[in-house]
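You will see chain A twice below: alongside chain B first, and alongside chain C after that.
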Partner chain A sequence: MPGPSFDRDVIVIGAGPNGLACAHRLASKGRKVTLIEAEATPGGGIRALPDLAPGLTPSLAHLVWQIDPRVEAAMDLSRHGLTWEATDIPTTVIGRDGNLVIRGPLTEGPDAAAWKALYQRLLSFAAALEPFRRMAPPRLQAGGNSWARLAKNLIGIRALGTKDFRELLRVILINAHDVAQDELTDPRLRAALCFDAVLGAWAGPRSPNTLILLLDRLAGEIAGRKGALGLPKGGMPALAQAMTNAATAAGVSLRSNSRVSRISIADDRITGVILHSGETLVAPVVISAIGPKATILSLAGTEHFDTGLVTALRHQKSRGGTAKLHLALSARPDFRGADLRSRLLLAADEHEVETAFNPVKYGEVPDRPVMEIVIPTAFSGGTGPHLLSANVQFAPHAPKAGEDAAREAMLKACLARLEEAAPGISALITRAGILMPYDIERQFGMAGGNWHHGELAVEQMLFNRPIAPLSRYATPLKGLWLTGAGTHPGGMSGAAGRNAADAVLEAKA
Partner chain B sequence: MTYDALILGAGHNGLVTACYLARAGMKVLVIEKNDWVGGAAVSRELTPGFTYSNCSYVASLFRPEIMRDLELPRHGLQILPYEGGAVFQEGGGYLGMYRDHDANRREFARHSARDAEAYDVYSRDVLRYCRFIRPMLLRTPPDPARFRPRDIGELLFIGKQVSGLSERQIADMVRFWTMSISDYLDHYFESPVIKAYLAVSAIIGTALGPMSPGSAYVLLHHYMGDVDGNIGAWGFARGGMGSITKALSSSLQASGGEIRTGAPVARVLVKNGRSIGVVLENGDEIRAKRVISNMDVKRTMLKHVEERELPGDYVASVKKFKTRGSSGKLNIALDAAPKFAALPEGSPAIKGDLHFTDSIEKMERAYDDWKAGHFSRDPFQDVMIPTMIDPTMTPPGKHFMSCFVQYAPPKIGDLAEGGRDWTDADRDAFGEACLNQIERYAPGFRNLIRHVEIRTPRELEAEVGLTEGNIFQGELTFDQLLFNRPVPRYANYRTPVRDLWICGSSTHPGGGVMGAPGRNAASEILRDAKLSPKDMSDAWPVL
Partner chain C sequence: MSAAPHLNAPPALTHFTTPLAQTPFHPRTEAANRLQGWAPWAGYMTATCFGDSTMEHTAIRNAATLYDISPMVKYRITGPDAVAYLNRLTLRDVGRLAVGQVHYTAWCDDQGKVMDDGTVFRLGPDDFRLCCQERHLPWLLDSAWGLDIRLRDETEDLAALALQGPVSATVLAQAGFDIQALKPFRMTTCPFDTGEVMISRTGFTGDLGYELWISPDLALPLWDHLMQAGALYGLMPVGSEAVMLARLEAGFITTGMDFVPVQHAVREDRARSPFEIGLDWMIAWDKGHFTGRRALMAERDGKSSQWALVGLDIPGNVSAEGAILYFDKRREAGFITAACWSPTLKRNIAIAQVEARYDSCDHLWVEIYALRELQYQKLMLPVTKTARPFFAPERRRATPPGRF
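Up next is the complex of A and B:
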């Protein structure tokens, strides 16, 4: 009996960076790909949000920490319209007694030498671990592993040299707070190290296993520069546009404004998807980039999986701890003279970062949040109104006091903190908006409002991401695959999309 | 005269090392700064007629192989398993714990039928991790950066342990080792009070909260012992914890070893990179072919060895070794048994560990206080009344109560400014917070008190010598476990000074009255001296 006939090879659900990278890879390998996006504009977490004020277009993500070099090269993003406003953005920490500028390994003050040594050591550790990002997570027992590749990666780590290898084994699961205290004296540097380690995580810097999150972040590169921060010209939506252009140029058929309501399954095998409109799209392979929980528990249906897997997935942790603040300002704010063409950190020391996490553990709002601020309009040198975009830590994903009360309290705490760091800023605000983790969940579909569709924490990394039985992009349901930030290695670098596409291609070969 | 081995500190690990060395024929002297032996495993009469286990207070981790090797039962050691336990809830309820499986199941079901089911699955899973880790306790950790046959052999041993598990079990175990106990328990249980009870072992003695990743491993550290082969069970040493070290002393003396108390060491003598003995505080010199310190690595290397004798990066590593104290202790002499309002008359629950913290959130908030440089306002207490089972510690009808308290910081005040030392007033306020908490659940309790000893990290450091009052001689996080304990490259009980060794809990496998560090150090020392270890049982065969 002939199988069903399909007019396309693959459906990818969700046109975020990973969905786009995945669809592009498959299309460029000759597959007929349909990419389905629920929103009007592709991009997911980097898409343009409605204008806050005329000309001020915010987005959820506001900086690029990493684009997978394989993805950037394959999609040829510069040909498709990506140009950089800045590729090596410095960080300015707004401290209690003055600001401190950090440019990669360089900074001022008594810790300059210590910081340089520490930063470079962390970069070398990050580089040694980075190859694991570019492969499906290893299996723990024989079968299915690329042993040559694993051996190469391990030799790469040992090649750090005996002393650094030992140090890496010591610090691999250490907390950021202890490293900051051991190696640095300037509270502002300690704050920066701790803040960057827990940015986007549901953990304070005293939590063990936080330094590795910083290593993961430093593993990326922008325009060939390791650990750099980039801002595309036109903001993050411009990156989404370039990726979309590249994908469609490779033959991906993009369907926006199309929300999937079910994945259709017949005889324990994928047959396609059913849209909210009722339309059915058929394909033998469906790859979902919208998050493991949403895909398995909602779109496919738990009845197709064994109960152990469903239970494990339900318990997978996906607590968002970061709120997003957007302000429209009538004029340039003054952060005590800080260069606004930098990333501003409002965190005085390591304790402040930790203390801001305390109440969130109990579903409460912190009095003094810490935050990372980007003013994209300051980079383009515009003289008009400015957009201030901030990632605020920490915010409860399920507040005890109720969602509206928590949102209001959070906004108030943020504005008080801002006024302290930039006296007079309150008078400049013409519009303010804050997205709490639960708002982010609603608007972007990210479980718990967590950026990574599931916390990026050591116990949910590699062969445990998102959960052990789903860690190599395949699912037990024939034809259904996972990608996106919820799969290894997380994030919006496109690496998960690329790895998943390669896994699908390999399985088909 | 020159001893073959001079051991600094008569704690349980120092005595274990001494016993093994003496049995192998070495001439051994143990010196101790206090006028009594025992370190943190002591029984002391601090008020007439009452024996206190005034530091460590329960036994389970002490390795049975060591007890057998050193014939400790013959020298008077008896471990009495205890049963029972209760968590008192705000509002008058309680969760009881019983040794009988069915009774315990019924009690869990009273709080949540689902959790009663889940407990069997949970116990099976945790036991699996215990079984995995136990064979590693009596082994010297490998140095993964070296390619010596022994290191490779030990790595292979670990590999072999891992390969005995299924792929799924390995993934689960890695998750367990890295996650917080709070998240781990959420996978199994729904009842806050059951979770609060089970989370206890994950925070005892550590500078972590139940929501800190890595705390699940600490739970394992408390579960991997046994009493009479019953893994995870706990017991009292009859006559108090000092009975363990008294039996060890007696065993040592029976093999010809000597002990000198009231002899604080000033400095380890180093000549041409080798240790040749020590100078005592009174100026006396004692010569020995090797010096073995039972003190923690920081105290040994930073206080008693001159810095110029040590490589700079070693000193830097030792300084980074984390010994933040997190616990305090109240020892109380009682005129009668306290009555806990929630417990029915005659409940066996009172014979076990009693807690007043009925949710993980309360434990975590107690930890937040510690982080801010303050003792917990609503502390977590692990209260035991060993005299319910062992009547030898007090006059008839009277009781000794041991209250272990989390959290108490090593310094008080704003940690951003470094904090300040504890004062007597701080100590008394800390004691009040604990006593008032008990009084709330056992009205009239305070009227029964005859004498109280309050111990903060300050007292633990001053008396027992534990740096910053850390009961494990160093925190139990991955950066300080296995080949990282106490510092990378020197996890094999050696130091950069030849013939200077470390045998205390700041070495693998860490704290608790376990004896394993002392036994492993003795094994390395004897190997180095080319002596065969007599009576040292190899609990688990090499490959």
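Up next is the complex of A and C:
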């Protein structure tokens, strides 16, 4: 049956890393793709935010943990201008009795050997689970499951050997705090393990199923390096630029400053999108990377979906627990002599991480937040003013005290915690800004201000991400697909974008 | 005996004195219930039989009867999006329902499996009542998300009586209610005592009949008034046994008896789609999206229904209740959900679920265990598919209703 004639095959909504990866993949397979971005610049969570001071350009995400190797290879990012300041950034834990530097498996102190063994074991577990990130989640009720790949992946896990396989089963749903206490004695190492497990999550290290979040973080790689931690030259916006260059070079037509107000639907199938400007763009396929909740509950409209699905999606948890702090500093701060070309963790021990989560459960601001600090200007060797960028945990997404009061309290608590770790830093601050989860929701459209457009938690992972009936990127509405951090496997590695594009290609083939 | 209870003491708990709730008609139904035969219905006591079910059924078909349907679950839906809401929730197109009209409908979950059937009354342009067997408040609230409606469970706010039988219109006229012009599936409001009674020409017997809806405080005066008016016409209260016999003759299905509502089904294969229980005629495909539509479309287009609901004629006079159906006397092919020897039709009838491939009922046999003087005798009888309703007298539709 000849349908309406479309001058494009696919519209992708949202030019974040996943949207870019998805659009690129489809364009390089010959599809005519229009990528629509509400903001002036593409990048989503890695786009440039307004300068804090001349030359100091913050971004929401400030480090790269992983780039999907398929995306990295296909987009050939180095050819499109991506270079790295570093892909092996060490972590420095600012402890009570001195700092501790961690370089992957290597560290100092009494736990050096224990850490190495634990880290390598976790890395091997992560590697065994990693292949699941590169496929649409298997689902019994769905057609088109790749049983061969699933079997291969499962065999890959079993191939860890009896002892390690048993150990993986023991720890896969354990909490990070227990592992830290079982395996380590140095409070700084425990703090690092716990902090990284719950970074970006709405969970404390004692919350169940938090170790799997760390495994997921360790599963990725950058430029072939496992367990990497990278910072692009020019900051995160440079990664966005390289991905954008690659996408446009592949033929993706990018429309910035275009906010979608409605996905248009006729006769129970997608016909395109309507922009805020009133302009209509037609396409038989629309892939939304802006988040499952926003896409289905707002852009498409619940009237096109069944009650059970709408209810499940409404109830999907999406609470942001991380605030973003940006400081302009007049000079280099001194974190007790720590090398500023590292990631600084302000968490003295595992209890501090857990304690910072407690008030957030009740919509309150913690007195002593824990944080991850990156000073991008230190990497580039600048001698002028510095930018301090920090992920601060935990922050309430719906504060009891009201948004402004909570923001103010959070900033105050952050500055006090910073002053304690880097005495004298307060005097260097020329400008400060903090984005609470609700600010992040407003500026980036992430539901609840959660980085992943829906919490990354074991009950919302794999075939339950975002919810079971939407877990294979397709929606029940013909022509509407989901991608982005809200879909499997979450995050901004581009994996979700690639997987969704492959699902679309497979369905059309 | 004067020790004052503590000021903040909770009121004494007396729930155990009436473990089942009593309907507003209870003082009358209890007095009339010679055998004190009761069964639970949606948390209420309901009379199973007032003394002689056979006589009660005979009255349904030959005189007039009163059946207390107050336990029926009733939801009120009002607001500017009420039509959109009911269209999203249910299978039929509520937009085609006129004010003052009633229709029989059903609704499904996302997988297109039936949750319940019921009736929708359009009381005003944006004002509806949904009557059903099961309670659905969470599902109804979930379905309302994003729509501007008000939803209220008014089960307890409304007493209801079914006045059924060929003489029912005569009884109503005798009682002073003008229902001569009232067509089937229409309703009207009449003044009564200090208030009013809503009368709909609906029912569950397949006969001429009405349902009367009234505020609980006027329930007893209404009962008394009707019993007075019907005294010379053989009006008698009936229990659920007689009504269930009548509904089977009319070929009506009952939630929980002829199918398991999906939200209560424990076994995965017990859920049924509208196609599988003969309700697919309801589906308004062209009204836009509704919950379950895509699943039902896939079932329709893929012809993937697993079951069929059929009416059966069975030789002899032994009711086939609970019997299993066999293909060629060997392979299990389905089961009887309701059966009786129909006193009205003088036929042995049944409603059955059969696997979709045995829809024609050719070569199907029913295995009946007949109790004959303390001893069960196994009968294997051939069945014949027959149209539902089994019994559909013209008088149920005639307007104005006939005088008998």
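Just so it is clear, the second predicted complex is superposed on the first by the 504 of 509 C-alpha atoms of A that agree within 3 Å, B and C clash if a C-alpha of one lies under 4 Å from a C-alpha of the other, contacts with A are read in each partner's own complex, and residues count from 1 in each chain.
Everything that follows uses one rule, which is that a contact is a pair of C-beta atoms (placed from the backbone, for glycine too) under 8 Å apart; a residue touches a chain by one contact, two chains touch by 3 or more.
Source: prediction; values computed, not measured.
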A:362 touches, of chain B and chain C: first, second, both or neither? first
Partner chain in contact with A:310 - chain B first, chain C second, else both or neither: second
Which of chain B and chain C A:209 touches, first, second, both or neither: first
First, second, both or neither for A:351, with chain B first and chain C second: first
Chain B versus chain C as contact partner of A:339, first or second or both or neither: neither
Chain A: partner with more touched residues, chain B or chain C: B
First, second, both or neither for A:268, with chain B first and chain C second: second
Which of chain B and chain C A:162 touches, first, second, both or neither: first
Shared contact residues on chain A - chain B and chain C: 469
Chain A residues within the chain B interface of the complex: 139-141, 162, 165-167, 169-175, 178, 182, 187, 203, 206-209, 315, 317, 349, 351, 354-355, 358, 361-362, 457-460, 463-464, 468-469, 471
Contacting residues of chain C [partner chain A, same complex]: 84, 88-89, 109-110, 139, 142-143, 145-146, 288-289, 291-294
Sites on chain B touched by chain A in the complex: 144-146, 163, 166-168, 170-172, 174-175, 178-179, 183, 186-187, 208, 211-214, 320, 322, 361, 364-365, 368, 371-372, 415-416, 477-479, 483-484, 488-489
Chain A residues within the chain C interface of the complex: 268, 297, 301-311, 314, 469, 476
